[in-house]
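Quick one: this structure, given as structure tokens, is what I'll be asking you about.
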Amino acid sequence: MNWAEFFAMKGYAFYVWGSYGVALLVFAIEIMLIRNRRKQALRNLRLMRDEMGESV
Amino acid sequence: MKKMSLFGLLGLVVRRDLLLAMRRRADVLTTLIFFVMVVSLFPLGVGPEMDMLRKMAPGVVWVAALLASMLSLPRMFSADYADGTLEQMMLAPQSLSVLVLGKIVAHWMLSGLPLALIAPVLGLQFDMSAPALGTLVLALLLGTPVLSMIGAIGAALTLGLRGGGVLVSLLVLPLCIPVLIFGAGAVEAVTSGMSAASNLSFLGAFMLFALVFTPFVASQALRISME
Amino acid sequence: MKKMSLFGLLGLVVRRDLLLAMRRRADVLTTLIFFVMVVSLFPLGVGPEMDMLRKMAPGVVWVAALLASMLSLPRMFSADYADGTLEQMMLAPQSLSVLVLGKIVAHWMLSGLPLALIAPVLGLQFDMSAPALGTLVLALLLGTPVLSMIGAIGAALTLGLRGGGVLVSLLVLPLCIPVLIFGAGAVEAVTSGMSAASNLSFLGAFMLFALVFTPFVASQALRISME
Amino acid sequence: MLEVGNLACSRGDHRLFSGLSFSLHPGQIMQVQGANGSGKTSLLRTLCGFLSPDEGEILWHGKPVHDLGEDYYAELLYLGHLNAIKDELNALENLQMSAGLAGYALTEQQAVAALRRMGLQRREHLPVKVLSQGQRRRVALARLLTTDAHLWILDEPLTALDVGAVGLMQELIGEHLSKGGMTIFTTHQPLQVAGVETRQLSLS
Amino acid sequence: MLEVGNLACSRGDHRLFSGLSFSLHPGQIMQVQGANGSGKTSLLRTLCGFLSPDEGEILWHGKPVHDLGEDYYAELLYLGHLNAIKDELNALENLQMSAGLAGYALTEQQAVAALRRMGLQRREHLPVKVLSQGQRRRVALARLLTTDAHLWILDEPLTALDVGAVGLMQELIGEHLSKGGMTIFTTHQPLQVAGVETRQLSLS
Amino acid sequence: MAINWFKYSAPTTFYGLAGKLIPYFAWPAAILFAIGIYIGFFVAPTDATQSEAYRIIFLHVPASILSMFIYLIMAGYAALGLIFNTRLSSMMAQALAPTGALFAFVSLWSGALWGKPMWGAWWVWDARLTSELILLFLYLGYIALHASIEDTRRADKASALLAIVGSVNVPIIYFSVKWWNTLHQGATIKMSGTSMHIAMQQAMFAVMAACWLYAIAVALARVRGIILEREANTQWVNDLPEVKQMNGEHS
């Protein structure tokens, strides 16, 4: 079995790789969104703390 | 000043909501006319072949009924919320569930009941047979109260939220799907010569089940929304 | 403090409404999801036979689009009315029509545009062909602005009336029927192997016509409602 | 008797007040004072049970109001920023409905008498929608004349009232106190009940 | 200069006032007085063009305001019972938006300065929804600090304001008058601008 | 030895615990996924009737099953949060919802891509498909409700109530949809239950386990973010090393 044949999936490449690809993409996006959310939260925390520091 | 019984209170709330609706008679009619319009739009969108229309009829009528009662849902509590009456209701020295049940009954009398009564006329537009029409009315009479009851929960949860109107449909529509399926199924069963009994008894069971639980759940939802 | 141009003002109003919508991101999504849901309800009511569903598809999608944009109509002015912003808009030293046009544009971007973009996915559920899907999107892109524009008039007229939500549908739906007919017609023409050009050009003409007149008419309707 | 012990309340991540204690006996009146945003409304709404306090307890005749529930509500009358009246109904219907929701029936004569006393003669049958701001407030306040609640909680009752109506309110509250009632209120305008000392509670 | 001649106005089948005439010159301030429901709000809304009068005319610098239309509006600022602020936006955005709708752009610094002066520091970025009644009113009133309108029409501007804020309003109006502005207002609370005599107009 | 569960149900301790646990779920998830894919694509033989397209099954079935289970777990957490007023449970419910919706989406997507070659249509109105779609709607409703309420306390309670009502309804919906579809004799194609090759089973189980681990890891990571957002004003959050560290970046 060669790789080209493997990727062709006997003509079902679009369907098979389409579903696995999108699934992986979606998982990656989810992970990225969670990272962003955490970063955003930390940034807000820092901003808030600095503001407090100034006002004291 | 004499105290009121629970039933007196239930009656009061129902009468009050009906009175308010009558002050704006347009209100009652609009739900109805919306229903009629949605049903009548279909032939315009789909084309005039009678065979297909006849097959579609129960589904279309039920979907339209579902949408029409969704549309009137946000009104169930929002006016009372905006003008502070709901606050006062929560301070009433009676069970909030009773008040909520009263509002549900009023809502059904203003939305579900008129739909069920006008449905046969619309059915005729789609050339439905007499037994099918009878089943349709019966199914609507059993099913629409469930829509009002489940809807009350959604309306209570989305109280005071911007975009409440669409949000409530989003929450409630999926939960109402069984009613749609059994309701439309009842009519189709009759059309295809079978008995609608099992469908109708499912609808009845839903109704009883909802009657027991939803007023309480909706009143809890109201308390949550009022915090 | 520097004065603003008309275009600046238009942009401001659009940005303002989009900003308000983004504050409640759910809002934008709900119209969309409502649309998806209504379309998905039909098979549940009508039954799963693909042949029939394929025939119904354009009509169902258009009716759902019509309903979804109707549903978001009451929101167009009501919040501004209730909190007094609309009063201030009428006191703005610029033409009210521009402000209204801004609100119409924002409404379309939040309701019509997303519907047009998601419609192909729904079309697939009904097994529509690729050319039919393309025409559907095109027709929706031409037709939904008309819905927003005509809807603005209805929303303005029913401002502050209880039951405005249903009332507005009642006023506006009949006016939107031509859009529905030509919109669904365009797709059906393609499905049955004809050209959709005439249908689409009608839709385009409606749009231009509406663009010229409706902002002015809607602003007059607002003035009437505010008395 | 209303007793509040060590109450603390916060909105958002904002502590409004804490360690608040007071008790109110029959015949007493208390004004909650404080600048805009100091938490007066929040305090009153906490007393009504709309907000749950972070800490502390609220006792009515020695029992926590949370446990009393409807028994407490039967003795409570709350009037907030919102008037709780229906635009579509007229003053008379509004008054009767709100009495009904509070659990007692009101005859038409009683209701008309209350509205007359509030200075709404010849306005009883107009839909409340067309009344002026002050007249709407008067319709809401007419409930004070028909209730037999012991504890009145009034949030800025004088808003939009003219001088005559303010005098009337003072009179009404005076009557209520002399019958052994209690009142807690907030206001940014002066309100003095003749012959009774107003206790002050300051939030800051 | 605002001139009102022989104005008559009715709501429903109710004549509120008639034969009303007055004129207001730069630097002058006028209070509209009257009991609840005497037609104060209706008069102010007529001046803004929301209601059309039964009779009489309203002139701005000698021309009927109806003909002037947008030119009149450019010099007018109206603050009614409603605050015209958006619950979802914060105070800063609200102020900038309302300036934009009134036709001029406001920088963030200008807006922040105005809010600070209104006593809303550290509240600029909260959604207005969570603010207290008085704080919301302050956000609405902040517009007075950023406008260059000559004629201010204020309907009960002091509602819900605490003592400090009332003092501030008096100050603001004083500044406005000293720059040659004009003010018409209603209130049931005392409002006295230092050094200027308040003209009175009584409706009954 | 008695474990003090309450200790871990406080966001304070759970934040750290979750941080430590995440790698123990994330790495095995990745490895198991790789193993599953390997077996599924290189070991498992080609299916006689479906040719290569059947390999979608290794993704499709786990995603479908997870989407359903996560809803129940979410509703359970929400109910705990509502009844016992434990903040952490509410946060867990909130953290699980997007992941559940995502698996529902993956199930629909992979199903659609499977349906096209097998049934000739992207979508048929089959009972299973339809109820999966409704499940996605339920997730979206939950998320939309939570997102449109500003006050987190109210948002938690309101959406918890919705989740509970939903979970009562899920079986009803499931059976009614099933019943609906079998009444009509429309859909001619049924999912063929081919008896599975042992390698296929292994691949499926590996991916299934990977999905479970992934879901747990992701939910934990998300709940950490939520804790940071909600407890922003508390001292312990401001004392966290990752918050303190950011001084340098600022100056």
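Per-chain numbering from 1; labels A, B, C, D, E and F assigned in written order.
Assume a residue touches a chain if its C-beta (ideal position, glycine included) is under 8 Å from a C-beta of that chain, and two chains touch if they have at least 3 such contacts.
Just so we're clear, the structure is a prediction, and the values are computed from it rather than from any experiment.
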Subject >> Interface residue identity across copies subunit D, subunit E - same or different by half >> reply: same
**OP:** Compute the centre of every chain as the mean of its C-alpha atoms, then state which one is farthest from the centre of subunit D.
**Re:** A
**OP:** Just grab the chain with the largest centre-to-centre distance to subunit B, centres being mean Cα coordinates.
**Re:** E
Subject >> Leader among chain pairs (count of C-beta contacts) >> reply: B-C
Original post:
If you average the CA atoms of subunit C and of subunit D, how far apart do the two points sit, in angstrom?
Top reply: 45
Original post:
If you average the CA atoms of subunit D and of subunit F, how many Å lie between those two points?
Top reply: 49
Original post:
Could you state the distance in Å from the CA-based centre of subunit D to that of subunit E?
Top reply: 30
Original post:
Do you know which subunit D residues sit against two or more other chains?
Top reply: 12, 81, 88
Original post:
Listing for subunit C: what residues touch at least two other chains?
Top reply: 24, 26-27, 30, 33, 37, 44, 47, 79, 162
Original post:
Among the residues of subunit A, which ones contact at least 2 other chains?
Top reply: none
Original post:
Along subunit D, where are the residues that touch subunit E in the complex?
Top reply: 11-12, 34-41, 81, 119, 123, 126, 130-135, 137-138, 156, 159-166, 188-189
Subject >> Sites on subunit D touched by subunit B in the complex >> reply: 48-52, 70-71, 73-74, 76, 78, 80-89, 93, 97-106, 110, 127, 146, 148
Original post:
What does subunit B use to touch subunit F in their complex?
Top reply: 150, 153, 157-158, 161-163, 167, 170-171, 173-175, 177-178, 181-182, 185, 188-189, 202, 206, 217, 220-221, 224-225, 227
**OP:** Show which residues of subunit C lie in contact with subunit E when the two form their complex.
**Re:** 1-4, 8-9, 12-13, 16, 19-20, 23-24, 79, 82-85, 87-95, 99, 226-227
**OP:** Spell out the residues on subunit F that touch subunit C in their complex, using ranges where they run on.
**Re:** 112, 121-126, 130, 133, 137, 140, 144-145, 147-148, 177, 180-181, 184, 186-187
